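Chain lettering (A, B, C and D) follows the sequence in which the chains are written, and residue indices restart at 1 in each chain.
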Amino acid sequence: MNKNDFAPTPPMGWNSYDYYDTTVNEEQVKANADYMAKHLKKFGWEYIVVDIQWYAHHAGSRRDQFQYIPFSELEMDEYSRLQPDPVRFPSSAGGSGFGPLAAYIHSLGLKFGIHIMRGIPRAAAHAHSEILDTDVTADEVADPSSICGWNPDMYGVRDTAGGQAYYDSILRLYASWGVDFIKCDDICNTNPYKGNPYSARREIEMLSTAIDRSGRPIVLSLSPGPALIDKAWHYETHANMWRVTDDFWDDWKLLKDMFHRCELWQSHVSKGCYPDLDMLPLGHLGKGFGQERQTNFTCPEQRTMMTLWCLFGSPLMLGAELTQLDEWTLSLLTNKEVLALATCRPWQIRRDDTRAVWTAADEADGSFYAALFNLSDENREISVSMNELYSSPYVHGPNLNLNNKNNIGLRDLWKGETTALTDSEISRTLKPHDCVIYKIASAQ
Amino acid sequence: MNKNDFAPTPPMGWNSYDYYDTTVNEEQVKANADYMAKHLKKFGWEYIVVDIQWYAHHAGSRRDQFQYIPFSELEMDEYSRLQPDPVRFPSSAGGSGFGPLAAYIHSLGLKFGIHIMRGIPRAAAHAHSEILDTDVTADEVADPSSICGWNPDMYGVRDTAGGQAYYDSILRLYASWGVDFIKCDDICNTNPYKGNPYSARREIEMLSTAIDRSGRPIVLSLSPGPALIDKAWHYETHANMWRVTDDFWDDWKLLKDMFHRCELWQSHVSKGCYPDLDMLPLGHLGKGFGQERQTNFTCPEQRTMMTLWCLFGSPLMLGAELTQLDEWTLSLLTNKEVLALATCRPWQIRRDDTRAVWTAADEADGSFYAALFNLSDENREISVSMNELYSSPYVHGPNLNLNNKNNIGLRDLWKGETTALTDSEISRTLKPHDCVIYKIASAQ
Amino acid sequence: MNKNDFAPTPPMGWNSYDYYDTTVNEEQVKANADYMAKHLKKFGWEYIVVDIQWYAHHAGSRRDQFQYIPFSELEMDEYSRLQPDPVRFPSSAGGSGFGPLAAYIHSLGLKFGIHIMRGIPRAAAHAHSEILDTDVTADEVADPSSICGWNPDMYGVRDTAGGQAYYDSILRLYASWGVDFIKCDDICNTNPYKGNPYSARREIEMLSTAIDRSGRPIVLSLSPGPALIDKAWHYETHANMWRVTDDFWDDWKLLKDMFHRCELWQSHVSKGCYPDLDMLPLGHLGKGFGQERQTNFTCPEQRTMMTLWCLFGSPLMLGAELTQLDEWTLSLLTNKEVLALATCRPWQIRRDDTRAVWTAADEADGSFYAALFNLSDENREISVSMNELYSSPYVHGPNLNLNNKNNIGLRDLWKGETTALTDSEISRTLKPHDCVIYKIASAQ
Amino acid sequence: MNKNDFAPTPPMGWNSYDYYDTTVNEEQVKANADYMAKHLKKFGWEYIVVDIQWYAHHAGSRRDQFQYIPFSELEMDEYSRLQPDPVRFPSSAGGSGFGPLAAYIHSLGLKFGIHIMRGIPRAAAHAHSEILDTDVTADEVADPSSICGWNPDMYGVRDTAGGQAYYDSILRLYASWGVDFIKCDDICNTNPYKGNPYSARREIEMLSTAIDRSGRPIVLSLSPGPALIDKAWHYETHANMWRVTDDFWDDWKLLKDMFHRCELWQSHVSKGCYPDLDMLPLGHLGKGFGQERQTNFTCPEQRTMMTLWCLFGSPLMLGAELTQLDEWTLSLLTNKEVLALATCRPWQIRRDDTRAVWTAADEADGSFYAALFNLSDENREISVSMNELYSSPYVHGPNLNLNNKNNIGLRDLWKGETTALTDSEISRTLKPHDCVIYKIASAQ
């Protein structure tokens, strides 16, 4: 069982965070799963992920002051393992955990994921709770000097046999529930902890080992970013996806910065190994944060985002509340030709403060792509020559008979229109923050 | 009440750490106090300080693995305030805390000090314990992301009214016990916490305010070092002493480095404000660490240390077990002429890798000093000219009639011998790591 | 001869830079000297300093593009030593250098200073020019990897006998001219050179040695800032003044930042050793930069600047064109009571983003001062209690009979009015960026 | 003309530096070329590169003190362009430059390369020399604040039209000589210049543009390292090879560190884009440095180096004096099966302080490799399972019928022996610093 086989293409799904923050409940998760099964599954969308603090009791808490309430009450079993809050997830009552919810989602033909924090609950350490199948207790496994800078729930786990046993014990539990995907937080970049952003290196390895031992193919996603480019090999060896930026939201400045991130990570996309551009803040967002809104991105910005994520080969995780999706947003998520980019080989041709040009190669059939992005705040003509596209080591012009330009089709993937290639250069005037992507292939 | 009046000269005393680590008990503290009262008090030694974790229960603990046991049981009152471990400090039983021990020490004409960690016990935060005279609880006062990098007992305190109330409540307790001196740890330099070594700036201020409100003149000592030279004014404004290095032990490399520290901090010694060179690891040391030994310092190194500490005006805190002091060590601690240096004005003349030369001025009578240090590992002649000594802005040669050299006495403070100044230069061949200090004054 | 005696109080004078940039000529220097002799000398002003590039030929140059023209022609003698441009300084013709100009300034009872760049001219190194009284040539003395980041004229000098000989040779020349003051640039902080801002440490020492060998008491001023606080002792040992900030101009943001600098350096002011707050950009400024103007500072800001510079004990160097001084500016420069602050002992009481409070002690007579600064942009009441003033280790309240407040005079130094102290607190409402300074003394 | 086509496989050749330092002459270059043509050319070796300071006159210089003599005399044409020293390169006399030498090397069927320093000669700037086909002079093109930290010859070139014109003018000259390869120094990482190791970013682009404009396919190699991993895309876009470490020599510590470098850069090897592990210090080395010697590497270390360089796909540049090559060294350089690794796709399986395991995939035929390295100082058994080899995204086990192990050949490339694969794991005991590499393919 090779972890790269768990996700042969970039995972596509929905995550509860952008709309619900820490407040999502079972009914809401099911409603989104139902929508996905009905409208999105056939385009490849399949993961339903419950994000942070599903184990936290919110009643009587200080949610008005804190996103994550310090020293709050957590649902935990006798072996120091967090359990779903039974108030929000009624089917978990009686020790069945996320088993029933996972079964429901599987019944729809979808996959089920959960968020976890690196480490072991602080409450377990202070209570000296047991660790399953060991004679050590949580206080012996927890490292009191290893904490998350923004979430107060956990202590890091020591690099000992007891530490590995704890990770094994939670993965065994998750596998028994039927979990298919784990988004582990405070592990990819643990800044500002002791000034060493990669201090959790060993915990990544322990988690990877625990997944292997669980016997279940569970996709491993690491957060938060920015991931460290000089640790790329380690991420690639132990995880399926890792965040390359800090939290991404519907703000053009953050989207523009992604072009820099894609430049940095473009050589590190391969089967089972995906630099992660983070969730897509589309549609309806922000209710759990008290900021319910339609995405702040304009239509051109949304198109730019989808194009870049697909071109680059990023995982695609929807932040939108699915039950409120409008037609426009739906059209962005269901363009098969754009989604097909995910398995092509990307290459940045040029980038400056005002524009970016990328290509991608379909190594199967020799076709390739040209994507033009206007990063500036005014209308702008963006061009690329065929010769520049060939500068990608993965684009092999000769596969197409480029001398006979009339035989070469230029297909605008968002418009769905094909024209003949008439020049050795492709050029187009784009609105601010907008883009165009062409497929270049033999015109049959 | 001005904090500078609490310590008009550098504090001198004994601290339990170097010999006992975290294990000291009441009987041992009393024995050292008895010795001080009898043999050292008349030379100015007066503080008896109980160092770290007097509140920790050691029975059944993991002391074999850890210096500070993670998640161990702590003695605490109902208001989140730590109390002495009644097993080690029997007189504290029944809620009297350190009151009886302080009274005993005061009865000897000495002063009583304790060590504390910055913050509020983690156990109190997780138990949601009360804070005296407030309606907030410890979980609301504790900052779960502010921890010490090496000790697992506390959380930092939030910069709120509740946070100040907690500091007020512990200082009120300490004042009621009769505490005269507080060594607060994890506060002077909080590295590696979030990469900001001065993150506890506000807690220093809260502590200073709490002392002021306690109505008792309590000397405030901040640890650990290295203190930050660019925060000198803040230390000077809020504390009486602050550590300028990391922990100092009986190792020549550390002692040699102190010459660099003294160069750095020499302009920052004034009444009530003392850069602290840390405890004197003399005599018998290390029992609590399982490394019981006579100090590793040679006699010349010990002389060098005492000379530098006194010349610079550092506080003097003995690490030795006093009841085992030998004659040689005692002679180092009871040389009145050397101890008198503490109130003079020091100035480094020269320093390189092999030697250091200092002067100091007695601004009261116009006399001054020349100290020559051999920092190298071989015999070496060290010299200084009278003109160099006058380069100190505080040395005023004309106060002495230097033209008539025969009238000028040159007194070797360690030998206790006076000779006439016969040259415009003072020179002496010194053994490795050794020093000599002369007082230059009118020979009456 | 002790360098601290060269400047027993902070130097006061005029510098050509703020008005003339690199363009000043002999006639202009003389006109400013004449004015100083007539109007300012009696208040202690005495230095006339010719700033940067007096050796550069400007004819046919690229002054429109560059402040310092790269690879421009420099006036140089046969021994690699720069000489005044004879076009701008006619009296220097025939090899007499600055001798005649210095003689003129001395004849007015004033002192003469020049600016130099650290190092040896690049042109000399590339021409393999001679070094006086040695058999080495400039290429052997110059370090081709040691350059200034902003001025293209020089190479740093190697730490060799030949390097010292070069510094000796220029100081011998300057002494022969009658130079009293040298402002050496690119030496105090050599950032960004190789990321080591103190890379010129040895050149500071060579310069100091060369001054000593010259036999003339020449004040040594080091630029640019910010000086490094952890090198304070080295500056104090080798120089008379050193810049504690980057270039200072008539901009409130820079002035406000000086309060931080003064907090940092306040313990490092002593006889012959002056942290330097830089020139006073008052009066008429900027002609050489093509930005001729009256200072941008408001009257309150100018008062605040003069008060802080005097209180702190900074050198005072006028940037204004003296021949155009107005009455208001003149009144700022000739307040004897304010100027007298320079020899008192300063201490910051408090500082935050909106206000600063300082005291200073006259150790001679026991009187002391209270300075209140409004750093905010609105009217603000600022207070200080007598107890706070006593927190300075240098203020000794008991010298005044403070119980009988009526006997204590409170003198507003800028208004020149004295009232009785009627309360244990001094308070005043100040306009934005304004200040008040009181002297507190027995009212005879 | 696409720069990736200039070097479709990693360049292989000889460089004069490791044996001759700055002293190489025409006769020596020719002798090495002759040897290569006769003995190595048929194995793919083809470049002959003249390294640093071929333009420097060494007569009467200070070569005993300096590797690169400061302010020495350089051979330069009237347009600020460096020319070969005619003493060392007699055929260059009369303005023919390297043309005759290049012609000779071409006549042997080989290619000719030269080393250059980033920038324009300092001597040209100080002499205000002309730039070809422009009306600007060298002083206007040179940036006086941009220098190399270790070589005194050049100033960096300004980012202006004149700057580009200068680079164009030198490339036109090199193209006219017949240069096929340029190793540009002080450009890949310009540390310690101003603390910005990528300050020459624009000069890389200007050089790349100048090559394009020259019309000749000239391979561009950038030095020194370490190249910056976060600038990988920029190197890939503008250069053919870039050094990933500082200078590499025959020292095991440096060789061991290369495993870390290869981990870091493994995803960045593609056609025309080669992270460069630096020259191979084999055979006879060091004469020009006064340290003539046989390489310090043991035989196992040499095998490890060749295996890693080939496996990783690094350029191969011989440092050895070719005319003195022994049989053993020659055998390392002429193993066709090992050299064939250069076009396979590498992937690190595991690395710790004692061992490294790599695989590589031949994407053409589905065969793949297993390389085991013993990085420790004692004999050690190193293993890898077939499953681990499949964890490379580029190894596709199913291409081979792995269930029938007898059909799978395991070929030891250095021994030239093939055995059947008998287990699901490959294991071998290796001597310190030794390695083994197997090819795994269908046994026909």
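We take it that contacts are C-beta pairs under 8 Å (C-beta built on N, C-alpha and C of every residue); 3 or more make two chains touch, one makes a residue touch a chain.
These figures come from a predicted structure and were not determined experimentally.
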item: For chain C and chain D, chains touching each; value: none
item: For chain C, the least number of touch steps when starting out from chain A; value: 2
item: Centre distance in Å when chain B and chain C are each reduced to the mean of their C-alpha atoms; value: 39
item: Interchain centroid distance [CA atoms averaged], chain B/chain D, Å; value: 58
item: Whole-Å gap separating chain A and chain B, where each centre is the average of the chain's CA atoms; value: 53
item: Sites on chain A at which at least two other chains make contact; value: none
item: Those chain pairs that satisfy the touch definition; value: A-B, A-D, B-C, C-D
item: Complex interface listing, chain D residues touching chain A; value: 2-4, 229-230, 232-233, 237, 263-264, 266-268, 270-273, 348, 387, 390-391, 393-394
item: Touching residues on chain D, where the partner in the complex is chain C; value: 70-71, 122-123, 125-126, 128, 139, 142-145, 147-150, 152, 192-195
